[in-house]
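Each of the next two complexes has chain A plus one other chain: chain B in the first, chain C in the second.
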Partner chain A sequence: MSDLERTMAASASGMAAQAARIRLTTENIANADTPGYRRKTVSFEAVLDDTRDTRAVATGPVRLDRSELVRIYDPGNPLAGADGSYLGSNVDLVVEIADAREANRSYEANLKMFDQARQMASSLLGLLRR
Partner chain B sequence: MNLSLLNLASALAAHASARQQVIAENVAHADTPGYRARDVADFASILESAPAFAARTTRPGHVAFGAEGGLEPHEAAAFGTETPNGNSVSLEDQMLRAAAVRQEHDMALGVYSKTLDILRTTVARR
Partner chain C sequence: MDIKATLASQLYSQVQAVARPAPQDTPVRSPGEAFATAATDFMATLRQSEETVKAGLAGRADPQAVVEALAATELAVQTAVAVRDKVVEAYQEILRMPV
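Take a look at the complex of A and B:
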């Protein structure tokens, strides 16, 4: 496997990891008003692939944010207990949107590196075509 | 005579693609906690440090002699870019390096194809 192919493999792993992150962020935003929902987070880790000699990025297990759920006072809600309140989700929209923006930026950077490697490989092949 | 020029150009292209790989890995790990940005030494310093008579590894079974190629990545990060989770990748810095790699690769291929053109002109029958 040539350097440029390994480059594309590393960039593709980065894009896959950022896509997983943005999917979880989207799930969190969609469930921002679901009672009892805990926001999902994922960690990134480096994996050294011996067969391909690349340092790909992989997502770790999905974890739930263990911060406290927000207690919402709403006596009219069917879920409300004796004290007239129920537990909402612990999703903070500002945090999720900032996370999505960062994932988007990193995804685009990976895409740019992928595209550059592809162009370098094709101009290399262009030498043969002359 | 021109063959050494071709060797030089292909070494430059190989250096560019090795460096591209390291930079792409840095970008892929832009959000991995604890990841340190790496880079390959620039081509000029590799060329200067290369011994004049080095044993060449021409088969996969050969053991590299000394600093063969000198393309091993080492830790290199722009000053002051480390984030609280120990990651030292700056996307802006990496983009700058990627642009330099692109330029290096284009130059290598340009020199290579131009040299081939000259060779072809030399041997062409008119």
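Take a look at the complex of A and C:
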């Protein structure tokens, strides 16, 4: 397998990882108002494939954010306790939006590298065709 | 600026060392064998990416894998076409040879 093909495989794995990340971010934003929801985070791990000698990336296990849930004062809510408040989610929209933007940029970078490798291979073959 | 003859010859020998082809570790194969291997690899690439695309259409593979498989197929087909064109060209060249 040539280096250019390996480049494409690695950048495709990067795109898959960023796609998984933005899915989790979207789930967090969708559940921002769900009482008791803990935001999900995911880690990235390098995958070593000795047969193809590539260093692809993959998403690790999904973890729940252990930070404090926000206590929301709303006596009219059916979930509210004796003190008139209930536990909301610990999703911070600003953090999620920033995370989504970062995933977007990383995805674009991987896409760029994929296209770059494809163009390089294509132009090399163009040389053979002349 | 004066360039000494010894310096020039030294540089020349260095360039020779760089330009010398690296020794091949792989055993020498016949051209037919090499072509057969290349054709088998080509078929394997096509078959694999076909499977990936089918899985992608069925929703079992992610779009990134489909795009990667299609790009690999594209490159493989381009290579095969370029090599075939070269072979046909060489054959026609032989046919045009005045006897």
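The rule is short, and it goes like this: the second predicted complex is superposed on the first by the 130 of 130 C-alpha atoms of A that agree within 3 Å, B and C clash if a C-alpha of one lies under 4 Å from a C-alpha of the other, contacts with A are read in each partner's own complex, and residues count from 1 in each chain.
Convention: a contact is a pair of C-beta atoms (placed from the backbone, for glycine too) under 8 Å apart; a residue touches a chain by one contact, two chains touch by 3 or more.
All values derive from a computational prediction rather than experimental measurement.
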First (chain B), second (chain C), both or neither touched by A:82
neither
Which partner, chain B or chain C, is in contact with more residues of chain A?
B
Have a look at where A:48 lands relative to chain B and chain C in the superposition and call it first, second, both or neither.
neither
Just checking: does A:118 make contact with chain B only, chain C only, both, or neither of them? Give me first, second, both or neither.
second
Would you sort A:94 into first (chain B), second (chain C), both or neither based on which partner it touches?
neither
Give one of first, second, both or neither to describe whether A:128 is in contact with chain B, with chain C, with both, or with none.
second
Is A:19 in contact with chain B, with chain C, with both, or with neither (first, second, both, neither)?
second
Do any residues of chain A touch both chain B and chain C, and if so, which are they?
4, 8, 13, 114
In the complex of these two chains, what residues of chain A are touching chain B?
2-4, 6-8, 10-11, 13-14, 17-18, 21, 43-46, 54-57, 102-103, 105-106, 109-110, 112-114, 116-117, 120, 123-124, 126-127, 130
Per the touch rule above, chain A residues touching chain C in the complex are 4-5, 8-9, 12-13, 15-16, 19, 114, 118, 121-122, 125, 128-129
Given the complex with chain A, which residues does chain B contribute to the contact?
13-14, 16-18, 20-21, 23-25, 27-33, 35, 91, 94-95, 98, 101-102, 105-106, 109, 112-113, 116
List of chain C residues in touch with chain A within their complex
62, 64-65, 67-68, 71-72, 74-75, 78-79, 81-83, 85-86
